[in-house]
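Should a chain be cited, it is by its letter among A, B, C and D, assigned in written order, with residues numbered from 1 in that chain.
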Amino acid sequence: MSKTINLNADLGESFGAWSMGADEALLDIVASANIACGFHAGDPPVMRRTVRLARERGVGIGAHVAYPDLQGFGRRRMEMPPGELEAMVIYQIGALSGIAAAEGARVAHVKPHGALNNAACADLDLARTVCRAVAAVDRSLILLVPALSKLSEAGREAGLPVVEEIFADRAYLDDGQLAPRSRADALIHGAEASLAHVRRMLDEAALVSVSGRRLPIRAGSVCVHGDSPEAVATARRLREGLAELGYAIVPLTALAA
Amino acid sequence: MSKTINLNADLGESFGAWSMGADEALLDIVASANIACGFHAGDPPVMRRTVRLARERGVGIGAHVAYPDLQGFGRRRMEMPPGELEAMVIYQIGALSGIAAAEGARVAHVKPHGALNNAACADLDLARTVCRAVAAVDRSLILLVPALSKLSEAGREAGLPVVEEIFADRAYLDDGQLAPRSRADALIHGAEASLAHVRRMLDEAALVSVSGRRLPIRAGSVCVHGDSPEAVATARRLREGLAELGYAIVPLTALAA
Amino acid sequence: MSKTINLNADLGESFGAWSMGADEALLDIVASANIACGFHAGDPPVMRRTVRLARERGVGIGAHVAYPDLQGFGRRRMEMPPGELEAMVIYQIGALSGIAAAEGARVAHVKPHGALNNAACADLDLARTVCRAVAAVDRSLILLVPALSKLSEAGREAGLPVVEEIFADRAYLDDGQLAPRSRADALIHGAEASLAHVRRMLDEAALVSVSGRRLPIRAGSVCVHGDSPEAVATARRLREGLAELGYAIVPLTALAA
Amino acid sequence: MSKTINLNADLGESFGAWSMGADEALLDIVASANIACGFHAGDPPVMRRTVRLARERGVGIGAHVAYPDLQGFGRRRMEMPPGELEAMVIYQIGALSGIAAAEGARVAHVKPHGALNNAACADLDLARTVCRAVAAVDRSLILLVPALSKLSEAGREAGLPVVEEIFADRAYLDDGQLAPRSRADALIHGAEASLAHVRRMLDEAALVSVSGRRLPIRAGSVCVHGDSPEAVATARRLREGLAELGYAIVPLTALAA
C-alpha cells in the first residue's frame, strides 16, 4: 500500500476555567495535533495535558503559533515589526517544546493560527518572518501550511520541510484561496461530501475549485475540525473512508522525510 | 589559583515600551544572567535581545521563572495547585530555551523569582513542585537558589545540580533568612562594605548573621543588583575586589560539575 | 403580601471565544445579576451584551469584582497592598458602570468574587479595603455578601447598604461558614431539597447548620447557579417555590432601602 | 484678554513596576491630562495616583483610550469588529470615570491613543465607532482630536463637543497629516522653534505645512510631550511663551462650551 496521508486538527484550545473542543475524540482520529501555545488559547496546564494525551496515542505534536491575543483568539490581524513577531513565534515553539520535553515527547511541526496564518498565506514578507523564526529554533521542524500559499513558498525557500494541507470541509476558489464564508458554497456539508471532496483532490493531486478548475498540489495532510459533535463524526468518517480507499494515515515526519 | 566564585544578576526585566535595569553594564560584570521569561517581566523581543547580549559576552543564561503576574512584577504570592505551577515553570524554561536555541545558546540554570522564590524558600512542598518542573525539562539544569533554603534542599533531593547564592548587599538573620527591609541594618551600603561582607562569608564558608552567628554554607554564587548607577558601581567593584582576593569568576557549570 | 426575597446569580462569565454559563435562562429567573468585569472573566463585549440582556428583563446589575487573574478565574488568592486592591475594585466598578451607562442602565450593587470573596469574608482588614473601594465610588452601591461574614460587618461599618445572601445548594457549618466541598453533606441536591433548605432559613430568619444549629440572620437574597442544565432547573423551581410560599422576588434596591 | 488655548499631555503611562514619563512636572504645565486606562499603559493604582495629582492641580482629566495591547503600548493596529472596539472604548472611559469618582473628580474628555488614534484619524468608519462609544457613555464628553482628522469629522457628526489639537514639535504635510518621522524635517527641535511653530498656527488659524501651505483650522489645544528632560523644558517654555503672547491657558471645558 503506497498511498499515505496525514490528518491534523487544532487542539488544546481550552483556557483556564473555559473548555473548548473535543480533544480526546479528535486525538483518536488525527495523526498530528496543532497545539495552542498560550498566545491565542491554551495555558501551561492545558498544554501539558494535551501533549500527554497526544503522546499516549502516538499523535504528532505541533506548535500552533499565533498573535498574542487571547481575547480575540488570535483572529485579529496585528501589525508589528518583523523582529517582534519572529521572537514571539520562537517563544511559543520553545514553550511547547519545554512542555513536550517534560512529557518525553518532542515538537515535530509548526502551524500558524488564525489571523497570523491568513496574513502569512497572502504576504510573502510576513511568511518569511514566520519561517525565519521556525528555522532559527530547529531546521528540522516541519512547516504545516495551506497548499499554494506564500507560507508554503517561504518555507521551501527557508529550507524547512514543508507539508501542504487541504481542508475537508471548505471549498476553494479558482486562485486556490478558500472560498469566503460569505459564499453559499463555502462549506462542504456532511461526511460523505467531505470525503468525496478530499478524495478527488488527492486522486487528482490538485485543488479542485468551485468552478471545477484544477490547481496541481501535493497535499500531505487534511485538516479536520472538532467544534461540534457533527464535526467529530465527519472527521471520524473521513478517516475511515480514506482507509477504505487504501490510504495509510501517517505522521508528518513520514511525509517530510 | 583554586578559589572560584560565580556572580549572577537579574536581567531582561524590560517589557514592551518600558525599560528597566542596566543590562549591558551588568552583563560586563556577571558570569550568569537570570533572564525574565515573560511572566513577571520580559517579552519575547526583550528576551531575545538579552540572550544575544549574554551570549556575545560568554555570560551563562538562566530562566528567572515566576508567577504569572506582570502588573505585580511577580512579587505577589499566588496560591495555585502544584500541577498548575509545575506546568508554568516548565513553560517558562521552554520559552527561554527556544529563544536561546535561536541564538545558538542554551539555558544553563533556573532561578525562581520574587514571591515564588520567597515562598519556595520557606515551603518544602512548593520547593519540590518547582524542582519537579525543572527536572522534568532537563535534569542537567542547575538550580540557583539562596543558601540554607528549602529550595536548596528540594533541589538536592530531586537530583538537580544546585548552586547556592549569597547576597552582596543584604544582611542575614541568625536563622539564615535575609534580614527584612524593615530593619535598619537590612542593607549593606557601599561597595567596600559589600565586598567585606561577601569576603567574610566566602572565607568562613558560612553565612554570617547580623549578630555574628556563623551558619556553614558552600556559596557558589553572589547575587548583585543593577537597579541604580550606584548598584552597578558596587557590582563592578565587587568583581574587581574578588579578583584581587584571588577568586576566579566562573560560570555556574564550572561549579555544579 | 409582605414577604420579599431577592434571587441573584453570577453572569457574564464568558470570555472572547469561550462561552460559559446559561446567562439567558438565568436572567429569566433571577432579580439581580453579578456581572464579571474583565478581571476574572468577562470582556467588554460580553459585559455589554450581558448588561443589555439584564436591562431588557428588568434584572438589577451588579459588579462582580475579582482579583486580576483570568487564567485562574479569580479563584487564586493573591496578596497585594490594600491600596492596589482598592484601586482594582474601583476600576472594575467604574468599567461596568460605563458599560451600564451606555445601555441606559446603572450598577446597583457590588459582590466580590471567588478568592477575593473568600478571603474578605474571613479577614476584616481585607473586607474593609473592599468596602472602602465601593464607598469611594458611590455610597449608595449595595454590598451583596454572605451572611455572617466580615464583609457584611465591614460594609455596615462603612455605611454601605448591605444585603446578606444565602446559598440554595450549600450546607452551613455551626460557625456559619459554608461546609467545605470535601464533606459528603456539603451540597444540597435537587430542587425540592434546595427549596426546603432555603425556606427553613427564611422562615426561621437563621442559617441552619448541618448539625441543626440556628444562627440568626436577615437573608435578603438567595444565590443560585446555572453551571448545568440541572442547576438552571433547580433555580427555576426555587423561584416558583418561593412564589408559592408567598415571597415576592424583588430587586436589591427594594431591600436595602 | 480674549485669546485662549489649552495644553494637553499624555500621562499615567507607568505600569506596575515600570515607570514612564515625568508626570508631576507635566502636570504643573498642562491644563488637561490624557490618562492611560490600562489597555496600552496604566494600571488601577497608577490611574488613581495620576487622577489625584491632576485633581490637586486643577488639571482636567481625560480618558486616553487604546487598543488592548500592553506589550505593544497600543501602537499596533488591531483589526476588530466595530462592536468589540466600541465596547472596549466604553469600558476604558468607565474605568477611569470610576477612579475619578473615587477621587472626587470627573472625566472631562476622551482622546484616542496610538494606533487607534492614527487609524481613526484616517478611517471615517473607525472614527464613527469611537465616537459612538464616547457618545454612548456621556454626550457631554469632549473629544480631543487632531485637527483636520476623520475623528474630528465623526465627533461633530455625533454631536460631541470637539476640540482640535496641534502638535508643538511636529511638522505637517500639505494635506494636514503629520510629517512622517522618516522625513528629516518631521520634528521641530527646541523650545523657541516649537513656540514659533505653534504661535504661527494660532495666529493664522491654520495648520502651516512644511511647504508653507495654510490649512484653516481652529486649534483649541496644543499637545506637548514629557518623554525627556528636554521635552519637559520645551513644554514649560511653550506655556510661558504663550502666556507672554497673551494667551490664557484654559481647560477644555472652557473651549467646548
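Points to keep in mind about this one:
Basically, a residue touches a chain if its C-beta (ideal position, glycine included) is under 8 Å from a C-beta of that chain, and two chains touch if they have at least 3 such contacts.
Note that the structure is a prediction, hence the values are computed from the model and not measured.
Counting steps between touching chains, the shortest path from chain B to chain D takes 1.
The chains that touch both chain B and chain C are A, D. Chain pair B-D has a twin interface among A-C, B-C or A-B; that twin, with over half of the contact pairs alike by residue number, is A-C.
Chain geometry summary: the mean Cα position of chain A and that of chain D are 44 Å apart. Annotation: 39 Å between the Cα-based centres of chain C and chain D. Contacts with at least two other chains are made by residues 43, 71-72, 84 of chain D.
Taken as a graph of touching chains, this assembly is complete, with every chain in contact with every other. For chain C in complex with chain D, the touching residues are 38, 43-45, 47-48, 83-84, 87-88, 90-99, 101-102, 133, 136-138.
For chain D in complex with chain A, the touching residues are 68-69, 71-72, 76-80, 84, 115.
Looking at the complex, you find that chain A touches chain C at residues 14-20, 41, 43, 70-73, 75.
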